[in-house]
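Data first, discussion second: the structure below is written as structure tokens.
Letters A, B and C name the chains as they come in the text, with residue numbers starting at 1 for each one.
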Amino acid sequence: MLKKIYLLTICLLVALSTLTGCSSASKPADTEKAKWPERKVEIIVPFGAGSGTDTTARALAAPLEKVLGVPVVVTNMEGGGGIIGMEYVNKQPADGYTFMIHSPTHLLLSIQKLSEVDLIKDFVPVTRLVQDSVLITASSNGRFKTWDEVVAWAEDHPGDVTIGAQAPKGVDAITVRMISAGAGIETKFIPFDGGAEVKSAMLGGHIDLSNDDPINALALVQSGELNALLVGNDKRLPGFPDTPCTVELGIDVTAGPWRGISARKDTPEEAIKGMEVAIAEAMKSAQWQDFAKKAMLDQRPGYANAEEFSKIWEEQYQFYSDAFEKFGL
Amino acid sequence: MLELLTSGFAVILEPSAFIMIIFATIVGIIFGALPGVGSAMAVALMVPFTYKMGPVVSIAFLTAVYCSAITGGGITAILFKIPGTPGNTPTTFDGYPMAQQGRADKALGIALVCSAIGGIVSAFAMLLISPQLSSAALRFGPAELFAVAFFGLSVLSSLDSNNVLKTLISGLIGLSLATVGMDPIFGVPRFTWGHSALVGGIPMIPVMIGMFAVTEVLKQTVNPFKIEGEFLNKKVSTKLLTIKETIAMKITILRSAVMGTVIGILPGAGATIAGFLSYAAEVKSSKTPERFGKGAPEGVAATETANNAATGGSMVPLLSLGIPGGNSSAIMVSALMLQGVQVGPMLIKTQPVFLSGVFASMIVTNILMVIVAIGIAKVFSKILNMPYSVLGPVIILLSVVGSFALQNNTGDVRLMMVAAILGYAFIKLGFSSAALVLGLVLGDICESNLRRAVMIADGDILSVLSRPITATLLITCAILLILPFARQLYKSKKALS
Amino acid sequence: MGSGLWPQFLLGILIVLIALNIFNSIRKYRKEENKRDFSISFHSLFTNKLVIGSIIIGVYSLILDYFGYLLSTILFIFLYMTLLSEKRLVFKIVTSLVATLVIYIIFARVLQVPLPRGIGILRDFALLLETL
């Protein structure tokens, strides 16, 4: 019995190696480089289907496919707040066929040292695609109609105003804390499990303020259920012309969730460069422009090439590290 | 009003749209029946098909996929003890024993008809009283959600009436396992022992699949199960419920439909919790709770009615406020966004055809579903006719691939295998896997909402617990928790003397 | 409420209940007329087929990453069928190949699930198969 099992295993292995051995052995190394991409390119989304990162990756994949001439496959690997997907990409060979779309969340993971894999140390930036903003909203049935009212109330009642956001140490959470600190007020920060829960809690009057992406708040602001109080940016957003921005109120916080593509550190230069150029080309397509407009991701300039993106990583790593230190997180 | 009813049907019954709805129903049921492929994954996979449709047909199409996926999950839950989606887990408690007793057709019939009734009831609720329902749901803040989750935990005392103590222990182990991972309030890792794989916590689906499906295979590996009668050779014919039988279960079905709809609306809840809570309510209110877990048709009816009703419920906050209650509806929002449609209160006011279209799609799907599912169940039941030496490994294989597909991660496969072996030990030692899974499902909701509520109330726990909805729910479940204990104590005293 | 309070609360109750359970079992054990031998009931928990079955599925889940879905699944089904006392060799080989392939087509091709490819030549082979 055991003999037969061994025999079968060996037969299979031999069959497999003859099938694949010749194809990989006959490839000279230098022509392989010149021909990138010669097979499908994968983009790993370390978050769930339907998330902002996922939508962005899928919107990019279609025009990118046309530019590259090979299929671009988007795969979700959710879990561990972005860790599982990042570790998976790090385990794949650095051959220029596996990329990751990520957000500042992965910088935060690296600051908190939650994984052995470190975005800064193990990955290289390719392109930043979009820059979203933090929008602070309040229910129209609630206590506050404008940011000035919040500040006026909070100055007399420190810690009384409750503000909700997703995840205790996420990008949103850090940003709303920074905004409160920048405005010189003390608010009570309440973390929730998801964006939908924050919004329900606020509409139900259980918390005062919440933070949101412009696109997710738009419908409720238009229908008058929500008031958009403040946006974290140096200019007002075209889509919310009546909402003041942080910088005009003297609050120097413009951070917000962005999404960008990166690859493993030892990925061949040809692949990184090729991807960078292809993405730039794909982002010019009408298809991408249309998506950016519909998802309100055209409100702030988001594109950054590899070099600029690398600087963004450094700056933001510093910004978030300082924030963690400041709030004792 | 009449126009609200008919305008949606006019869109859905257009031949090209109707064909897509049939397609959605078939695909939804098959995907739902595959373990690990939940409704969210089914909906996500179908999004590319909507690129060429109009926005109303798109959301109607995705709704059809969503509804039928939950139904499809019931088929594998009954036939193989593999919950196709987490919402079908309680279906395994009574559906699988029914199948083992040679009543698989009956169980499937109940599951399908009750799913359809649940779906249709919630569709009407959504169409007629959406604004009222959503404003009622908004009153459920963290304090109230904690009470709802805690109410679900009161089932623990009745899951296995033979040994309440061991069931409670199992439930507490589940609750403790749910604390592994990121702390929901302070964001510090707990019980991860430095492993990054544990930061995300212990996902419930691999544990469910392992403890139910694979444990069952291990059990049959050790002691091959001899089926009484000629179940293996008999074709599963999915006898539909007769009107008489449906009327006999009318209270079960009605209560579960209402509970499912309401729970589906609550933020952060959904089909899984609806299924569990409704099963619990059924056991609690039954005059003969000892029949449950051994093939009580009401158990299947309660779960399947409620988890489908929750699909209609979850469309309420989505359509009336634009707030997605779960992953499936989040994907619908982004699919509509790609078409330039913003889901929210304005949409329903200015274009009521969206509400009407979703309603029509739910009605049509829930009826079509019964017919399609019978066909699919027949194909699946053919698999049952295979010799166990093939069926056993195939069930494990489906469980492995299903656990993997959840997050595309082999770590989940290893977790599933550990759960399977633990599940076997649980059976041998008289502990309850169902209770453990329940604890795991509800643990995080329970803890995070309680702590959140206490945080909002500045640490004043009493003011949290004395909120009217919270207090009512907590008192009810305290009574429910103590009753069987007292009963057992009374019985054992009697037996001793 | 701190992050430790809830787990401590749960573990506290758990310890009390487990203590109660042990107390119950001892009481029951004392009452039993024919005292059971604990080593036997412990042994029944680990009958041979169970251990082998657990090892097979355990090893299967561990080699998935390295051998890839295809090879490890074929081996797994073959071995598990043997454990379930299937004697026909050809039937076993055919079943393991067919089942592996059918699930591969459903999940990897239709559902786009990136099943583990394995490493080395197995990875190349899996990639080759994906381009077909």
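The working rule: a residue touches a chain if its C-beta (ideal position, glycine included) is under 8 Å from a C-beta of that chain, and two chains touch if they have at least 3 such contacts.
Keep in mind it's a predicted model, so treat the numbers as computed, not measured.
Student: What chains, if any, are shared contacts of subunit B and subunit C?
Tutor: A chain counts here if it touches both subunit B and subunit C, which gives A.
Student: Suppose chain centres are the mean of their C-alpha atoms. Which chain sits farthest from subunit B?
Tutor: Result for max centroid distance from subunit B is chain A.
Student: Measuring from the mean of all protein Cα atoms shown, which chain centre lies nearest?
Tutor: B
Student: Look at the interfaces A-C and A-B and say which one is made up of more C-beta pairs in contact.
Tutor: A-B
Student: Using CA atom averages as chain centres, what separation in Å is found between subunit B and subunit C?
Tutor: Going by mean C-alpha positions, subunit B sits 24 Å from subunit C.
Student: Report the inter-centroid distance (CA atoms only) between subunit A and subunit C in whole Å.
Tutor: Each chain's C-alpha centroid was found; their separation is 35 Å.
Student: Based only on mean CA positions, could you tell me how far subunit A sits from subunit B in angstrom?
Tutor: It comes to 30 Å between the two C-alpha centres.
Student: Which positions in subunit B touch two or more other chains at once?
Tutor: Within subunit B, the residues that touch at least two other chains are 41, 183, 185-186, 408, 455.
Student: What are the residue numbers in subunit C that touch two or more other chains?
Tutor: In subunit C, 112, 114 touch at least two other chains.
Student: Got the subunit A residues that touch at least 2 other chains?
Tutor: 75
Student: Using the touch rule from the top, collect the residues of subunit B that touch subunit A in their complex.
Tutor: These residues of subunit B touch subunit A: 40-41, 44, 137-142, 182-187, 189, 196-197, 199-200, 203, 267-268, 317, 321-325, 327, 330-331, 333-334, 337-340, 342-347, 349, 407-409, 411, 444, 448, 452, 455-456.
Student: In their complex, what parts of subunit A are in touch with subunit C?
Tutor: Interface residues on the subunit A side: 1, 4-5, 8-9, 12-13, 16-17, 19-21, 23-24, 39-40, 42, 73, 75, 93.
Student: Under the touch definition given earlier, write down the residues of subunit A that touch subunit B in their complex.
Tutor: 48-51, 54-55, 59, 75-81, 83-84, 87-88, 114-117, 162, 167-169, 173, 188, 190-194, 196-197, 199-201, 203-207, 215-216, 218-220, 222-223, 225, 291, 294-295, 329
Student: Provide the residue numbers of subunit C that touch subunit B in the complex, in ascending order.
Tutor: Spelled out, the residues of subunit C in touch with subunit B are 1-4, 6-7, 10-11, 13-14, 17-18, 20-21, 24, 44-45, 47, 49-50, 53-54, 57-58, 60-62, 64-65, 69, 73, 76-77, 80-81, 83-86, 95-96, 99-100, 103, 106-107, 111-116.
Student: Touching subunit A in the complex: which residues of subunit C?
Tutor: Those residues of subunit C that touch subunit A are 71, 74-75, 78-79, 82, 89, 93, 112, 114, 121-125, 127-128, 130-131.
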